[in-house]
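Heads up, there are several structures right after this.
Each of the next two complexes has chain A plus one more chain, namely chain B in the first and chain C in the second.
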Partner chain A sequence: MRFLILVFDNLRRNIGRTVFTALATMVMVLVVTCVFSILTFLSNVTSEKAANLKAIVTERWQIPSQMPFSYATGLAEGGGYEADHVRIKPENSMTWSFYGGATDPDPKKRSNNTILFAFALQPRSLLEMMDGLDDLKGPERTQLEADVKKLQETRNGLIVGKDRMKNLGKKVGDRMTIYSFNYKGIDLEFEILGEFPVGRYDNAAAMNIDYLISAMDAYPQNNAGKTHPMANKSLNLVWLRMPDQPTFQQVSEQIMTNPAFKSPAAVKIETASSGIGTFLEAYRDMIWGMRWLLSPAILFTLSLVISNSISISVRERRLEFAVLKVLGFRPWQILMLVLCEALVIGTLAGVISAGGTFLLVNYVFGGLKFPIAFFPVFLISPQAWWWGAAIGAGTAFVGSIWPAWSARTVKVAEVFAKLA
Partner chain B sequence: MFSVIQIAWAHRPEVLAVFLVLIALLAAASKVPLSYNIQNLMVRIPTSLMTAAAFMLVVALVIVMLAFVNGMYTLTQTSGQPGNVILLADGATDEQFSSLAMADVGDIENQPGIRVLNGQPMVSRETYIVVNQPIDNPPPGRQKRRFLQVRGVDDPVMSSAVHGLKLIPGGDWFSSAGVGQVAGADEAAQPAVEVLLGAGIARELGRDRWPDAVAKGKNAERLDVGDTFRLSERDWIVAGVFESTGSAYDSEVWAKQSLVGPLFGKENYSSLIARTENAVAAEKLREYFLNDYSKAKLAPIVETKYFEELSQTNVQFLVVTIIIAVITAIGGAFGVMNTMFAAIGQRTKDIGVLRLLGYKRWQILVSFLLESLVLALVGGLAGCLLGFFADGWTVSSIVSSGQGGGKFVVMKMDVDLAVLSSGMLLALSMGLFGGLIPSLSAMRLTALEALR
Partner chain C sequence: MSNGSANTPSVRVQGVHKSFRRGAEVIDVLNGLSLEVQRGEFIALKGPSGSGKTTLLNLIAGLDTPTEGEVWVEQDCISHMTEGQLASWRTRNIGFVFQFYNLLSVLTAYRNVELPLLLLPLSAAQRKLQVTTALDIVGLADRMDHRPGQLSGGQQQRVGVARAIVTDPALLVADEPTGALDAKSADEILDLLVELKTSMNKTIIMVTHDERAAGRADRIVELQKGQLVST
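Right after this comes the complex of A and B.
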């Protein structure tokens, strides 16, 4: 205990140096925490899971994936089957179609304030399958359930994220017509029924797929019997939820061997992590740089800063260490004294910085907006609290071990001879 | 204020030159010999080296990040021909989502303003497809699939002329049929699709090869003429490789449109690229197709503007780089403050003597500030040298307009004078910020206080 008091007393003696070292640590731990959070999130979403898998069925060769909507039912069932074979069905499924357009029919006036991309889906999917919404609890869940019920009953309804609604200058209850650019000629009037909970869907919108399909079915009646060019391309992807890997393998085999899914569009099925991984392939060098250049460079720089600070401190306190030795302190105790001073600054500064980053980024800024793939924001992981401690302590230890060793080897006779 | 920052950003080497001249003028005006400061840095060599090393790492890191962003800007800026106009279907935001009716194409090509080459209008008819390709031999930790950009063209000679692309000697255009036999393959086997590869994607696909294929191949670094790869359950054979232009086309696979269109369910053309005499003529043609051409509704865009709009991701990455640079620089500056405060703490007697010798307060301030700037200069130069090794690194990335659509690109990182100037300016800013407060405290000491 007295040892700790001595450590804190020493830190207080040169408060400026202590503060600057702590500030340097906090600033650099902030950057590393953000980088680690992004890397951890990407690693999690691309790691194969052993249970509760999500599989994605898409067009086999092309992006954007475009399949006939007639595939939806068969895929949700897990592919066709022979009468005498056992068929494995996914636990749950969700279809995705993307309807994009603008509130102004003139393409020249298109801007972020007029554009809307909506997920066209079965409303129940928002509660059962959507990441970040299926595990909502409390008042947010209750509100979303009410909005989903309205969407089921009101086919031309929309649930919109708050940022998208703000950009469009609309609010819940407003109506608008969207002039589509990917479903040309199918312009739809919507009523905004509700708002997504704040978070990853702030810029998103969701509509009822039945509305789009009905419009596509009605198209020939108003267009001299011609089917819409997107008639066989309106299903973009299908999510299937499976309990484990063996089920995934079985369903995968069922779908891939089914001739019904070969024409007009061949399909492929992969786990969600594998599908996301393919999109992240384009960013592999950037992710490599973040992991093996950016983070180590900042950590090394932090070690240098701490090492510099501790070295200066040790150099100024040679007389003090000599006196401590005369008073009976052993060399290892002096080593520990210096190390503890560094570890206290590093650990405390690291925890405050990482914890502060967690609170500020997640609850004030709503996440890190970093342009990787289709992820709108990255949240700081709750593990940041111990990352901060570990980074601060680790860099402090590495940076201070040499100055601490130098303090340990102070020669009493030399110091007093110089003084004399 | 923002326009001042923009102007400064656009003229970073000039700003650095001004900064250095100011430092030289300060050194001259200070009258405290710079050798005094340098000698003191040498006396405390471990501390000086550690501080300079911290500068070096921060500057090198920022240079590498800026080189990445610079490479993306170079790619989007060199990818378009100023005289080219891209004609997309009305309402399409990108060629990935565009589908032109075949019937309209003939008339569009014969409009006035389009250059003629060998009696033919210089128009490239193209179908742009992004294909999901399984990777046969992924290294550990790599994904098993990639997105491959395939461009179906009718006439590769005309299309290459429109885009200003040339083949590396030894290669040839693909045949009119667009297919060819693989050497040694069974005559009854399905013929391979002949392709032209961009230099970047040729290297990328070359890495997929098994070691024995690399040993047998003509070029260990990339796919070359005669090499094959698999896509859509067919063999594809390389007929030629384009010379690298540092553009987005380096990352593309070109094949016969009439083959790849039906193969991937995109029979229509996605775009027509029309070549005009120059940038002014291109703008005139664009306006003609937008306002006056009535036979089909098109979304025309000058090619350079199209690629400029794909710089949206460049801007985002640049903003992130600047934020990281500023934050780490602040951290580094606190480290410098420690060093300088310690230096001043140990030299209070020196300060007292300097005051007694007649040096004014501002000269003391400038002297210590210069000491900090010398550290920054040394560390910054070392950082620039280290960061320069990133020049020419080949990396993959994506460029996008943010409105859907984007291009996966293989590009070279570009460390140019502007990037190096940014690194030096960052180092000097850290030195200035980190040294200013300690120098102010040194300046405030009276001779009596200093010598007590």
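Right after this comes the complex of A and C.
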């Protein structure tokens, strides 16, 4: 205990240097924490699960995926034949159609404050299949259930994320007309029924698919009998939940071999992680750079900063170390004294920085707005608390081992001979 | 207190040589020097710069090892100990008083004096007793919570003496203990050293250029070119 107190006393020797070293550590740990959080999240979403996995069905040969809505029912049932196949059904399903537009019909006036993109889906899917919402608990779950019930009952309803709502200048209860740009001619009036829980859907919106489908069905009546150009293209994605890999393999075969899903649009099915992985291919170099260039560079720089600070301290204190040796301190005790000083700064600064980043980013800023693919925000992982300690302690150890060894090898007679 | 046979010297230096290498050059600092110091004796080491007196002091204090020869302190032959063994030995057997005090500026007088005791298996209560006793002996019990920056030169040196005696070593070595002090403070320190010799039977070896300081010793040992010239 006294040894630790001696360590803390030595850190008070030059408060300025200690504080600046700690601040530099905190800044770099903050950056690494953010980078690790993004990489961890991407790694999680792209790693194959053995159970309770989700699969995505999309159009095979085209991006964006645009399938006829008539595929929805068959795909939701696993696409199997009645005749000679044992038909395995997925546990649950969700269809996505994307409806986008703006609150102002004039294209020149489109901006972030007027645009809305909505997931058109069965409202119950929000509670049963939507990532990040299907596992909600507590008051947030209760509120979402109430909003979903309203959306089921009110076909022209919308549930909107808080940031999107703020940008549009709207609140729950307001009405607005969206002038669509991907469903031209199908401009819809909406009533905002509720708000998504704070998090990854802050900029999203969800509408009832029945509203879009009935608008599409009514289109010919007002347009000289012509069907809407998107009539056979309104289904963008189908999500299927399956209990395990064998079920996924079976359902995959059922869908891929069913001629019903070959025309007018051929489909493909892949696990969600695989699908996301494919989508992230475009960001592969950036992700590689973050993992193997940026992070190591920051860690190396941090080690150098600490090494420099501790080296200066050791050089200033050669006489003091000689005196400690005269008093009987052994070389390894001198080494431990210096190492502990570095470890205390590094670990404390690391924990404070990573923990502070976790609290600030997740609970004050609502996540890291780092636009990779379709992920609007990234949350800092709870593992950040021990990342901070590990990064701070690890870089402190690496950075201070050489100056600590130098302190250990101070020759008493030489130090006092130089003084004489 | 260290008691033993009345005729056994406290310190025996036998045929000691010490050389240093400076690049390709070998410098002989001590040349076959032999010296005995009796228990409870106060000796002053004198000599011109480069005569080897500090080197001799370092050998006796276990801060260095001779190139040849042996150094005995009480029953311990310290000339063949490893660095780690010497460190451990110094804690219990040597008290060192420096010319420039060399107190740790971030620690109070109490904690500076306590430093050597941290290396011994003592309870906090035992450490407190020994520290307060040492500070009492040097007359600074009322300054134990002051940092070195808040003490005068003489007071800092007295804290240095307290640190040197806190483990009750048999041997005190002092390298120019009055070199950085004014006359009055120097006299106080010398009085203290004499008192330690008289009342606690400490053996004291002091390097000094100061004639007045040397005059307070029982014996003056003069070195020149690494050899004793008079004693």
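Criterion: the second predicted complex is superposed on the first by the 418 of 420 C-alpha atoms of A that agree within 3 Å, B and C clash if a C-alpha of one lies under 4 Å from a C-alpha of the other, contacts with A are read in each partner's own complex, and residues count from 1 in each chain.
The working rule: contacts are C-beta pairs under 8 Å (C-beta built on N, C-alpha and C of every residue); 3 or more make two chains touch, one makes a residue touch a chain.
Quantities reported herein were computed from a predicted structural model and do not represent experimental measurements.
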| item | value |
| --- | --- |
| Touching partner for A:Gly328 - first (chain B), second (chain C), both, neither | second |
| Touched partner set for A:Ala24, first chain B, second chain C, both or neither | first |
| Which of chain B and chain C A:Trp386 touches, first, second, both or neither | neither |
| Of chain C and chain B, partner touching more chain A residues | B |
| Partner chain(s) touched by A:Phe365 [first = chain B, second = chain C, both, neither] | neither |
| Contacts of A:Ile63 with chain B and chain C, given as first, second, both or neither | first |
| Which superposed partner A:Leu319 touches (first chain B, second chain C, both, neither) | second |
| Intersection of chain A interface sets (partners chain B, chain C) | none |
| Contact footprint of chain B on chain A as seen in their complex | 16-17, 20-21, 23-25, 27-28, 30-31, 58, 60-64, 66, 100, 107, 115, 117, 181-182, 184, 229, 264-265, 268, 270, 274, 277-286, 289, 293-294, 297-298, 300-302, 304-305, 307-309, 311-312, 316, 370-371 |
| Touching residues (chain side chain A, partner chain C) in the complex | 2-3, 6, 9-10, 12-13, 319-320, 323-331, 333, 412-413, 416-417, 419-420 |
| Of all residues in chain C, those that touch chain A in their complex | 54-55, 58, 61, 63-64, 83-84, 87-88, 90-92, 96, 98, 100, 102, 104-107, 111, 114-116, 118-119, 163, 175 |
| Of all residues in chain B, those that touch chain A in their complex | 46-47, 50-51, 53-54, 57-58, 60-61, 64-65, 68, 90-93, 96-97, 99, 129-132, 142-147, 232, 264-266, 299, 313, 316-317, 320, 324, 327-328, 330-332, 334-335, 337-339, 341-342, 345-346, 395-398, 403-404, 408 |
